[in-house]
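For clarity, chains are labelled A, B, C, D and E in written order, and residue numbers in each chain start from 1.
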């Protein structure tokens, strides 16, 4: 018997089949003339210096922290949101306490300055610095 | 829809497949129409004509683009990571198409009546992030790497305000399934959630301002999730050449475009369902008044798509007026403004719903 | 507000013989001739002196004044040997509103001029362009390389009067 | 304007019809590589602005050569830039076209005699499909060049392209 | 908690949507922060100075058009004044007035392109097309007088190539009436747009003494607060008869000398140019524009340095003549060439997106950088 989630699986399978079918059609119709230069990576017409696969600080620590505080919180709150009405005010208070504690976590995060992304710190060029002979 | 087809052909898988084909065609037709609409809207806003030469007022323009892209050669750079490079478009498109499984186009046309409708949509839409990261990293191009890194940070951090607003709506509605939410907002537009939902009484009037704020926050954060201006930083044309799909050409790039427009409609569909009454018509059904019952689902479908398109039009309208934000300003908007407001909104809606 | 004669006098008693002369006869502007090896000191003095305050170098232009002897090259074109390349400095003061022109000459075979990099930063690219077009070496300029021509252009310095076009550059035919 | 603005006068064997359909698709959505060199680039921008509107013909500027079909070489090509243009031309996927705009790109233009650093015409480096004369050519001239390119694509045969 | 990350060299190369032509910026970046910027130019070096030595004096004028191809009238004006100073000839009043009007119209057209591309680089695409529509208006005025849209060869040594069209005066007045409300519309749409201010205020701050030492000129120098304008400092032609202010950067939204100030100085300058045109358009004296054009131009031996206020800054021509028909040496002091040197110092510590905003506010044209 096809469950509800089975239908969702069919949706995803259909999407994959559709995309692969389109790629095959495109492979049939499109010409193929490989030349060495065509397969070099594009870098505005220049030879790329150095590879882009370097250690890249995507500030994952900050994103993970914020993700932890909020998305996990939201996941826990969904069942509460559905059922708190049966327990009246006390059910509501339970959720609110949970929310406020997490709000505190965010306030601490904000105060500590971890919510700052890679902000530009412009250093306006000072004349005497520039004119100092290059040591 | 599924039941009707199942009785017709008997085999479950085939019926499920046919049910899935309908939203796929809707997305394809919408994507073709959406790209043409975007070019015409941008043209007329900029005092020019837009595509005119292919068919009447260029309505065949996107068909021509699609068929031309089919003929483009497919180039995978030598030092790109081949497998990830090919999987990325599949992941991005299936991530955005899977959300259509739970969106009720009309009372009859619904992919699967799974209980956790909106929760599933939140979960599946983060699949797109993985696809974008794969696309950016595997293409071994500095611009696509920068675009992908920006996309990761942006979409993950804008999921939080979306989740908070959805949570506050679920608190009001008491159910997760999108179909039930649309059914609750029946008869006239006065019962839509944006005007405080169907229950009459003091809480309805108290809710209206907070519903407007919630709708606004949801619109802004879903704009960021779909990478539309002023948040289109991952594929910022003027800075990063073409963002994370710089190295993609031909139909692979076409898939990214299809996924973007599919996402756009999915996101505006969710806002329509949560706030503007899903497939309910604002002024009652013509079918009921003249007693033709089978006409009602088609009317519902019409109303749903009409509301979705108006929201898509607003997204396009924003694209051609506002400049683009920078990455750190984007993060400040999300963390320092959207999340606290969504937070307060959640608490106040909770209190009002208790009255 | 000083005219060139007064400035010339002021420079003369400040630097003595390194200021070579002042020619006023040719039309429209009088030029102070300066020795090429301490243009830097003179520039710093011009910029820091209180009643001169030449704080902005408008333009620094290299010139190939073809005063050498013409020598027939093997394929018939004439090459100039000997003679000088000169560099003109147009200075101007934003608050005292007066202008002055300095001229520096160096031998053609081994043209060397002191760089005014740490007096006026705008001379950085101007000197690189003079080097690129005429081959004038500017001493202790931080990165003296070609600025307009391709970095690997070995067919000489284009703006010299006796410059000949190379036949091919990276497989592309240069002359018409 | 019917779906295919070309009547089926000759024998409508299926190959011919598929060819026309493919040609029509290719010619009505030429995406130009957003890239200008000199004065002709400003004239190209004026052509894509509201007064002359390139978008009417389905031409939108794409920034990366991977998604572009045509390059409009608008301006003087110097030797230093010629190697880069060759690289960009190579990096475009295959059915690609070149419009050489302006006399500098056609044959070196006013810099033909003493331009020691100017490449005397882009066709010494890449194969050109349409030459647009003028210095800078008026936007109407560029549009006419585009129509000439569309004319050329209409009579192309897909099979020769692939083979 | 600084993660050890490697720096990456990113080429914003000759083909980039927002480098205003063929400029290559070699950025050394760490994550998104910029450690150093090295501009590479020379991709459009068209050997103007070699041509100037091989052509006679009047033949060089079309080549000066192609230096700063967004302000061709200004280039002609500079070259023509330099040679007239060398020859020492007297110009009829009518020619002076028409030259001033043409130069000011060209300044508005060039500022329109500068503002349009600056806005488009930051993401606002619609103002780009509105401003290009207004620029078409001015181009039709130029086309009416000298037949060309962008490169005119209009100002000859001692006069003009054509007299102005009979209803040029009426059309220019119509343009002025049409253009004033569009400046207000531009201000509402872009200048005081919150996101535009957020992207350009306090970005690329250029202090005044550094600007002077770097030789910056035009809106870049005035944006930093120094009211230095060649039309006022070293008045050429008849600019001293008109009264107009010199707008400077006042740091309305950020600090003095940031990107927004340079942008806003250009918007204000357009109004000042309108004022000059209004004063000049009504009292153009009668006369023949070809009367003072000498038949053979052989200036005496000598050197001249004349400078003109071009939309991008102080454009100077240094001409050495050795007495025969061809100039011995013509050196052009291109304002964009000098303004671009500041780029290396200005971008330190900014993000990749700011480099585009700074480059847009410097408003460079590659034709005159590479000459």
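In this section, a contact is a pair of C-beta atoms (placed from the backbone, for glycine too) under 8 Å apart; a residue touches a chain by one contact, two chains touch by 3 or more.
Fair warning: this is a prediction, and the values are worked out from it, not measured in the lab.
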Going by the stated contact rule, which chains contact chain D and chain E alike?
-> A, B, C
Taking CA centroids for every chain, report which one is farthest away from chain D.
-> C
Where are there more C-beta contacts: B-E or A-B?
-> A-B
How big is the gap, in whole Å, between where the Cα atoms of chain A centre and where those of chain E centre?
-> 43
Centre distance in Å when chain B and chain D are each reduced to the mean of their C-alpha atoms | 36
When the centre of a chain is set as the mean of its C-alpha atoms, what distance in Å lies between chain A and chain C?
-> 55
Express in whole angstrom the distance between the two chain centres, defined as the mean CA positions of chain B and chain C.
-> 64
Out of chain A, which residues touch more than one other chain, so two or more?
-> 29-33, 38, 40, 42-46, 48, 52, 56, 58-59, 118, 120, 130-131
Touching two or more other chains - residues of chain B | 46-48, 70-75, 142-143, 149, 237, 241, 246-247, 250, 327-328
In chain E, what residues contact two or more other chains?
-> 8, 11, 13-17, 31-32, 42, 45, 47, 50, 129-130, 133, 209-210, 213, 351, 354, 370
Just say which it is for the chain contacts: an open line, a closed ring, a star, complete, or other.
-> other
Full set of chain pairs in contact is A-B, A-C, A-D, A-E, B-D, B-E, C-D, C-E, D-E
Which positions of chain C touch chain D when the two form their complex?
-> 148-150, 158, 163, 165, 169-170, 172-176
Residues of chain E that touch chain C when the two form their complex | 41-42, 45, 47, 49-50, 53, 85-86, 88, 209-210, 212-215, 226, 228, 233, 300-305, 307, 314, 316, 318, 320, 329, 331, 333, 337-338, 341, 370-371
Residue positions on chain C within touch of chain E in the complex are 26-29, 31, 55-59, 61, 63-64, 88, 90, 94, 97, 99, 101, 120-122, 124-125, 133, 146-150, 158-159, 161
Touching residues on chain D, where the partner in the complex is chain A = 22, 64-66, 84-88, 90-91, 93-95, 161-162
Complex interface listing, chain D residues touching chain E | 33-39, 41-43, 45-46, 49-51, 61, 63, 65, 75-76, 78, 80-81, 84, 88, 110-111, 113-118, 135-136, 138
